[in-house]
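Sharing a structure, written as C-alpha cells. Questions coming.
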C-alpha cells in the first residue's frame, strides 16, 4: 500500500511536553500518543509547528521520533516535519527522521532568508533527490513568510516531488481551487491545517486535517471526519460547531503572549488539566498564559465535558 | 574603553565565501577580512544576514569566528550575530561566540515561531542574563517577521540589555525618531543597516553603518563616513550618490532569484570578479545570478573602477 | 415580512454596462436584470464593487437604481451600495437610494482616510440614525483597507445597526466563526462574497451568496444554492466545481490589467459574448482585457455551453 | 518662469477648518492662510489628505480654492489635490481647480478600485491630456493602497506627464534613489511628505517638503529649509529635532481614534489652542481627540512656546 493511500483523515500535529526542568517529557509524550491513538486518529504529524519544532535540538527531535514511533508501534502512519532555515539543515533532519522510521516528511519553504518560488521548488527537489521518503508540502506563510503559490504546488506535483499538501495558509478559496485542480489524482492528497473549517474541507474533497486542537479532543475530530466522509452533514456540522466553540480559548490571551504561544499554550494548558501532560510550559521565550486565562480554560473544559 | 565607545563607523556584515565543493573557504575569508581592514573599516559584523548565517552549521559559525578574529588580530572590534529561532539556540551560538573572543553579540527577535514584543524583550533578558557580552539589537522584520517597536527599543535600553541598535527595517522615519530619543545617551549607539541613506543617517546622529555593499567597496564607505562626520556635506553626498549607483546591481536579477540572493549574490559576484573570493556561489536553495547579470556586473565594476 | 426574512439566496452584484460612448447603457442593464431574474436569483445588489460604483456619478447611481427597480418590478428585493469615502457622502447616496425605493443599503467602512474600528461603528450609527432602511455590513478590506473585526460585527448586530453581512474579506475561517456566533439569530443574515466556496458557506449556515460571476451564470448559482439548502451535497459540489472552473477566466489576464479589472472585465466580456450587454468596456483607468484573453474566454464559454 | 522653477521649499498641506455646525469656516481658513504666508512658506497645497479632501463636497472644494487663492493673492504658488476614486471624478475636480486659478494639480492613484501600475500611468495620461496644468504625482499608499513604483515615476517623467513628486510613502530609501535618478533634471522636482526627515531630504537634493505639521509651526519649517539649503547642518538638525519633538503629539491618541484622525486632529487641536482656527473638529466619522490628549497638547505647545 502506497503512502498516499495510507495518509488520510485526522493527523494531529503532536505537542511536545516538557518536564518542570525544561527537558522533553517522554512519559507525557507517550500519554499524548496513546491519547491520540485511543482517540482514533489516522496518523500523527511529529515535529510540526505545534510541536515547537524550531525550539528543539537535533538530538531532541530524534529522541521524540524514536519515542513516538515506539509508542505508535505501527498502528498509524507517522510523518515528521524537517523545518529549518535552509536545504542542508532540512536534509540533516530528514536523514535522521528516515533513520528513525517515519513514513513521510513534511517540508516548508526555508525561512529567515526568504526564497523565491523557484528556489523553493529547488529546495523540494534537493530533498527529494536525496531522501526517498514521500514528501508533504507544508504551506504556512505566517511562519516562513512565503505562500506556496498555486502554480508552485502544481509544479511540485507534476515533478512527483510531493504526495500531499498541508495547507495552513488560511486562504481557503485557494485551497478549494487546489482541491478541484487535483480531484481524482490518486497521487496527491490535500489536508487542511485549519481547526475550524474541517467539515467544509472534507466535503469539498480534502483527504484529511491536521488540527492542533486535535491534541485536546481527538475523538471529536475523528467523529467529525467520519460524519463528513459519510455525507452525514448535520452530524459533521454539529461536531465542527462544538469544536469551534472549544477552539475559542486560543483567543483569550493577552497582548504580551504571542498568538502562537496563545494557541499552542492553550492546548497544553487544557492537556495538563485533563491529566495528559504534567506541565503546560512552552520553551523560551514563549510566555505562559496568565493564571486567569488558565482558570477560564478549566471552566471551558468542564462545559465541554473534557474533565473527568 | 567600553564597548559602546569602541563600536562606531563602518562595520560591514562580512560575507561567507565557499569553495567549489561548498565548504567555507577560509583562505578567501582571510582575503575578505584584509580587504575590509585595509579599506579602513571600523569594525566587523560576522555572522550577519549577509553571511548566510542561518545556512551555516554550528561548527562552521565557530570556525568562521576563529578565522576572522585571528586575521583581525585586534585591529578592530568584531561583533557576531547569534541568529536563531529561539532563546536556547541563540544562547548556544552566544556561548560559542564569546569563547571565540568577539567583543559583542548581535541579536534579532526569534523567528518561525513569531513572538510578541514582550516575549522578544524576554529573549534579550535571557541572553543578557547568561552572557556578559554587550548586545546589539538587530531590527530586520523582512527576515524575522517582527518590527522591534520604538517602545521595545526604549525598554531594552532602559534595562541596560543592549548597547546598540542595527536598524535594517527600512523605516527611516522611525530610525530618525530613535536618533533623537537617544541623542546624548552615552550608553546606546545607533547604526543603520541601509546602504543608501548613510550620509543622512550619520548627519542625523547615527554612530555608524552596517552596509552589505561595504564588502565590495569598503574605502568608499569609510570616506563617506568620514566626510559626514566632519560635516563635509558635498563630499559625503558625492560618495553616497556613487554608492547608490554601485548598489543598483542588486536590482538586476530575475524573479527566479529571490531578492536576498540577488543582493548578497551580486556582492559576491563583484568580489569574485575583483579577485577577493574564489567563488560567488551561495548555499542551497539560493540560486546564482544568471550569466547575463554577472556580465552586466562586470561592466558596472569597470565603470566604477573597481577592477584593476 | 421583515427584510431579514426576505434577503437570502443568490443576490448577484449587478454589473454596469456602458454604451460605446461611455454612458450607462440602460437597455443592456434591463437585459442584465431580466437575465438574472429569469435565472432565478433571489435578490439584486446594485451599486456594489462589481458595478464600478465608485466610477459612477451621483445622477448615474440614481438612474441605475430607478431603471433596475422598474425592471425588477418587485419580483425580488433590491439592495444598493452607498460606498463612499465618508459618512456624509454615504448619506447622500443613502437618501437617494431610499427615495428610489430599494429594500436595504449596503455599507462599507469609509476609505482613503482610514478609520478605526470604533470610528467605523460610528459610521454605521450615523447612517442608521438618519436612514430607516435595513443596513448590510460589507467587509471588503481589499478595497477599503480595513477588515471589519469579529468584535465590530458583534457590536453592529448588538446595537441593531445591521441586519446582514456580506463578507468579501477572503477570511473564510473568521466567516465560519461568525456563522457559529450568530446561528439561530433571526435578526442577522450572513452572505459570502466568494464565488468559489458557496456550497461550503451555505452548508455551514450562510444565508446566501453575492457572486460577481452570478452575472454570467445565475442559474448555476441558483441550482448550487438550492442543492446546498436541500442537503444534496454531491449536486452542490458538482455545481460549485463547475463554477470554479468557469471562474478561472479571472486569472487569465496580464499584469497591466489590475486584478479588479481582470475579474469584472472577464465577466463583462463573457456577458457581451453571450449577447447580454453590448460592450464589455469598463471605465477609465481600468484597462480592457487583451484580445487574446477575450478569445480564450470565448472558447471557455463554448465549453461551458454558455453560448447558444 | 515655469511652474517647476516656482514650486519649491515648504508647501504645507492646508487643513480645512469647520464651524461648530460643520460648515467650512472660511474666516478661519483665511487666518490659516495668513498664518502660513506670514510664516514664510513657499507655496500652499490645498485639498491634500490633511485637508480631509475626500470628506469635502465638490462645491466646498471649489469654495476652499477660491477663498485661499483670494487670500494668497499671488504671493506664493498654490497647487490643489484632485483626489478621487477614478479618472473622470478627478477630471471634474481638475477642471474646477483650473478654473479657480491654481498653478498645478496633485494626483494620486485611483482608490477603492485598485489599479495596476500601467492603469495608474494611464490615469495621469488622461488627466494631462485634458488639463494643461502641471501635475504633481502624489505617492501615498496608506490611503490609496498602491505604491507608485520607481519605474512608474520614471515613465511619468519621461512622458512629461508630471513636473514633481510628493512622496508620502515612508520609503525613504526609494525616495533617495529617486533623488539620485533625477538629480540635475530641471523638469522634475521631488518633495518629501514626511515631517521628520526634512533636513535629510533637502540635504540629499529634495526641492522641498509638504509637512502637515507645517500648519502648526510654519516658520520652523522655513528656518529648517533655509538652513538645509544653505548647508548650515547643525542649524537644520536643531530645527528638525525640535520639530520631531513637536510632532510627537500625533502618537498620544487612543485606539478608538484612527492614526489619520490622531495626526490631523492633533494639528487642528494645536491650531485651535493657538487661536488660528475656531474649532478643531474633523468630519464624521473621524473622532475627536480625548480631552486628556487635548490638555497634554496644550502643555506641549507651552513648552514649545507656540502659545502667546
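Letters A, B, C and D mark the chains in the order given here, with residues in each chain numbered from 1 onward.
Quick note on the criterion: contacts are C-beta pairs under 8 Å (C-beta built on N, C-alpha and C of every residue); 3 or more make two chains touch, one makes a residue touch a chain.
In this text the structure is predicted, and so the values were computed from the model without any measurement.
Counting the residue numbers used at the interface between chain B and chain D, over half appear in both copies, so the two copies meet with largely the same residues. One inter-chain figure worth recording: chain A and chain B are separated by 36 Å, centre to centre, where each centre is the mean of the chain's CA atoms. The distance from the centre of chain B to the centre of chain C, with each centre set as the mean of the Cα atoms, comes to 50 Å. Among all residues of chain D, none touch two or more other chains. The chain pairs satisfying the stated touch condition come to A-B, A-C, B-D, C-D.
On the side of chain A, the complex with chain C involves touching residues 170-173, 176-177, 180, 183, 194, 196-197, 199-200, 203-205, 231, 233-234, 237, 240-241, 244-245. By the touch criterion stated above, chain A contacts chain B in their complex at residues 49, 52, 54-55, 57, 83, 85-89, 110-116, 118-120, 122-123, 126, 142-145, 255-261, 283-287.
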